[in-house]
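In this document, chain identifiers A, B, C and D correspond to the written order of the chains, with residue numbering beginning at 1 in each.
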Amino acid sequence: MSWKDHRLTRNQMAWRAAQDVHDGAYVNLGIGMPVLCSAYVPEGRHVNYQSENGILGFGGPPPEGEEDFDLINASKGAITLAPGASIFHSADSFAMIRGAHLDIAMLGAFQVAPNGDLANWSTGEGGVPAVGGAMDLSAGAEAVRVLTTHVTKDDAPKLVAACALPLTGLQVVDRVYTDLAVVDVAEGRFHLRELVPGVSRDEIQALTGAPLAMDDVKPLEAPSL
Amino acid sequence: MKKPVMTPTDAVADIPDGATVMISGFGGSGAPVETVHALIDQGARHLTIVNNNAGTGQIGLAALIREGRVDKVICSYPRTSDSRVFTEAYMSGRVELELVPQGTLSERMRAAGAGIPAFFTPTSVGTPLAEGKQQQEINGRMCVLENALHADFALVKADVADEYGNLTYRLTARNFGPSMMTAAKVTIAQVREVAPVGAIDPAHVVTPGVYTKRIALVEDAAQEEVLVRQGARYP
Amino acid sequence: MSWKDHRLTRNQMAWRAAQDVHDGAYVNLGIGMPVLCSAYVPEGRHVNYQSENGILGFGGPPPEGEEDFDLINASKGAITLAPGASIFHSADSFAMIRGAHLDIAMLGAFQVAPNGDLANWSTGEGGVPAVGGAMDLSAGAEAVRVLTTHVTKDDAPKLVAACALPLTGLQVVDRVYTDLAVVDVAEGRFHLRELVPGVSRDEIQALTGAPLAMDDVKPLEAPSL
Amino acid sequence: MKKPVMTPTDAVADIPDGATVMISGFGGSGAPVETVHALIDQGARHLTIVNNNAGTGQIGLAALIREGRVDKVICSYPRTSDSRVFTEAYMSGRVELELVPQGTLSERMRAAGAGIPAFFTPTSVGTPLAEGKQQQEINGRMCVLENALHADFALVKADVADEYGNLTYRLTARNFGPSMMTAAKVTIAQVREVAPVGAIDPAHVVTPGVYTKRIALVEDAAQEEVLVRQGARYP
């Protein structure tokens, strides 16, 4: 068995990230994997999901065939209205984001550095850059949490010593949820908090581009999703 | 004052070559696809387009780009699941891209409509998108100065207009529409219905009629996302 | 008979100012005499009155006893909703004002100068200054028209060679409606356009602090109001 | 998340001496008079008050000033038909006045809530109110730089709250409320009714619940203008 056999699915990563959202939190879900979190609010908690396109209060996708594409998340996927939702225009949505009214922003990443730097909008020359709301979310949210595969398709680390790709935000990332681990970013270091069973500490360090502090590591477990 | 109710064809008839045109929508939600198609038929070229994205599939803004009508796109997120048209035009150098953080994009349009010529924001500081911009530390935090973003025309999909041009929007199709309606000299609201004066509760009006210059009535408007998923192509 | 016997009433001044508002115009009515204009829309015209506190589309006061003081104009007087009205918050109201979406602002004045300078917020030392929305309206409206008595309570001219009082806006006033005259402000001069019958050209010039061009002067007449 | 529903007394209990407090209202329209009276009873002093005006008659903000609780007023229009309390306090030097053009006042609060630390506006250029402020020519027009205006507390009169704190406002009583709700650290919405979650159409919410920290329920709230006309006095 390789470490690849132990990877979480995208839905499992979203589930894991959703478990850390506290009751009553206001949480922006960014384009890509983060939008999956809206389906996994922990039992007994009320979480207010916000999407940059102008909605506060939504749940997961509706049953197939009942999609209304005038009611979508940041990934343009159909969602459902949560009770007590509100809808507003884009400038008001980013006023809410930039004005630091949201507790958490969940974002995707190309690279994250131990100082909290985030790169998620440009792969450099030769591609089409796409920033969306990531820079505003990085600037405005109280906490920035990242959902990303631990490595690229070519098995290169996405948690790196320093971001080589153009930055989205400086010193903004607090925690990273990958398909192999939960990693805190604090005091200029990566701290391995959870690791999927079956992957060793040496393996996860080898897949990570900067030292991982491993003082207190728990198993990373998620239901089948 | 009653606002002129027109076909999309008549509403876009005077958009000249070289115009800056805002088009509402976040992906297909709020995209005034029939009015964009009328602009394709009309033939104006060398356009600068302001949109959150840069078109999907082979309809709407993507078709406008494919037909060679667009010189420049100002947007935040041109990379989508099917943005091949823009990608090819951009990589071949046929279309210029001004990439703007989404919140800065909407605030720049809101500022244009609000008579605020420029504002400071912490967004993008320390990134390549802040390069070349005036910067200033305010209350201990470095910020960049961003200018108001105006346009000659705005094509905006609303839901209901009353005869005075007061507008409501449908669900999250609201997105960039209200700010674009304030930021362009000539605004065209594509609506599903024109209701009598008084049909909209004054407290529920999202865009007051003063901002609406023309109403393009399209009763059976398509949802762009649905068309894209059906593989539609225009023309 | 003195010139004082020929003065228009406040309602007549408002009526006269309202006659110049074109069909379809969007018009802000400022605090003081301007708010009276909403009662005098000329027959056959549709005028959209805006008030800085957050309404577009209103008419004159309701019948006595039916006032709702949550529905007021800039002078805090009760108004009525016009068909097709919209209500918005203060920041959106001033976005509309400063963003040059209104055709006309009707303002009060302490002093107006031939270059269009307006002073209407401070009587200098010894009083309480009050600017309200006048500076925003001066900066944003396409045309600024002033309603004011021709002279102060002490018979000092309010149309002056240069404003001695602190300015509200620079080179903004297009036309002045007084209780004696209609005066255009153009090309650095006052132009007398209308004069109440019974007051001579010499008298009106004596009551004005700067030269009045008098090339084309009509009688200023208003119904009893 | 359900927001705490309190009495005005409990809602203002922790406002400390020296706090900056925004109070909604344009004259009496939108003035949360019961909550202001609770603040008088509470006794906090050396307050800085942000309001469009500076109190009328002998109730509400006027009474707060008369009782000697206010060191400074930031407002646009302190001179009203019965503003004797402020006039006396100001002329005697007991209260400081920061006079701000009304549109700049509301935009500064909107900017505070929107994470815009400063913006340029043409309003007040060339007047004494622009003196001492950074100025810059933008697109050929001179502008002044205005800073975001934050507060520690906001006392705002809304109409209906749902349990999550989504708010609607009544007619033109809306005025400064929505911007103040975004600009203060602790926001207190005085409402006539607390409705169940789902009672407000998502498209009709004026203030989304994220901005509402506390709800002060006053079912039979008075209209301040009516009280003033009756010659009411508090306490």
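Please note the rule applied: a contact is a pair of C-beta atoms (placed from the backbone, for glycine too) under 8 Å apart; a residue touches a chain by one contact, two chains touch by 3 or more.
Since we're looking at a predicted model, the values are computed, not measured.
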{"item": "Chain whose average C-alpha position is farthest from chain C's own", "value": "A"}
{"item": "Mean-CA-position distance for chain D and chain B (Å)", "value": "34"}
{"item": "Intercentroid distance (Cα basis), chain C paired with chain A, Å", "value": "56"}
{"item": "Shared-contact residues (touching 2 or more other chains) in chain C", "value": "55, 87-88, 94-95, 97-98, 139-140"}
{"item": "Touching two or more other chains - residues of chain B", "value": "107, 110, 114-116, 121-122, 169, 171, 174, 202-203, 206"}
{"item": "Category of the chain touch graph - line, ring, star, complete, other", "value": "other"}
{"item": "Listing of all chain pairs that touch each other, if any do", "value": "A-B, A-D, B-C, B-D, C-D"}
{"item": "Of all residues in chain B, those that touch chain A in their complex", "value": "26-30, 52, 76-81, 83, 86-87, 90-91, 97, 99-104, 106-107, 109-110, 121-129, 169-179, 206, 223, 225-226"}
{"item": "In the complex, chain A residues that touch chain B", "value": "31, 51-55, 68-72, 76, 87-91, 93-95, 97-98, 122, 128-136, 138-140, 166-170"}
{"item": "Complex contacts: residues of chain A adjacent to chain D", "value": "23-26, 46, 48, 50, 55-57, 81, 83-88, 94-102, 139-140"}
{"item": "Touching residues (chain side chain B, partner chain D) in the complex", "value": "107, 111, 114-122, 138-139, 141, 143, 147, 168-169, 171, 174, 202-204, 206"}
{"item": "Chain A partner contacts - residues on chain D that touch it in the complex", "value": "1-2, 110, 112-116, 162-164, 166, 182, 197-198, 200, 202-203, 205, 208-211"}
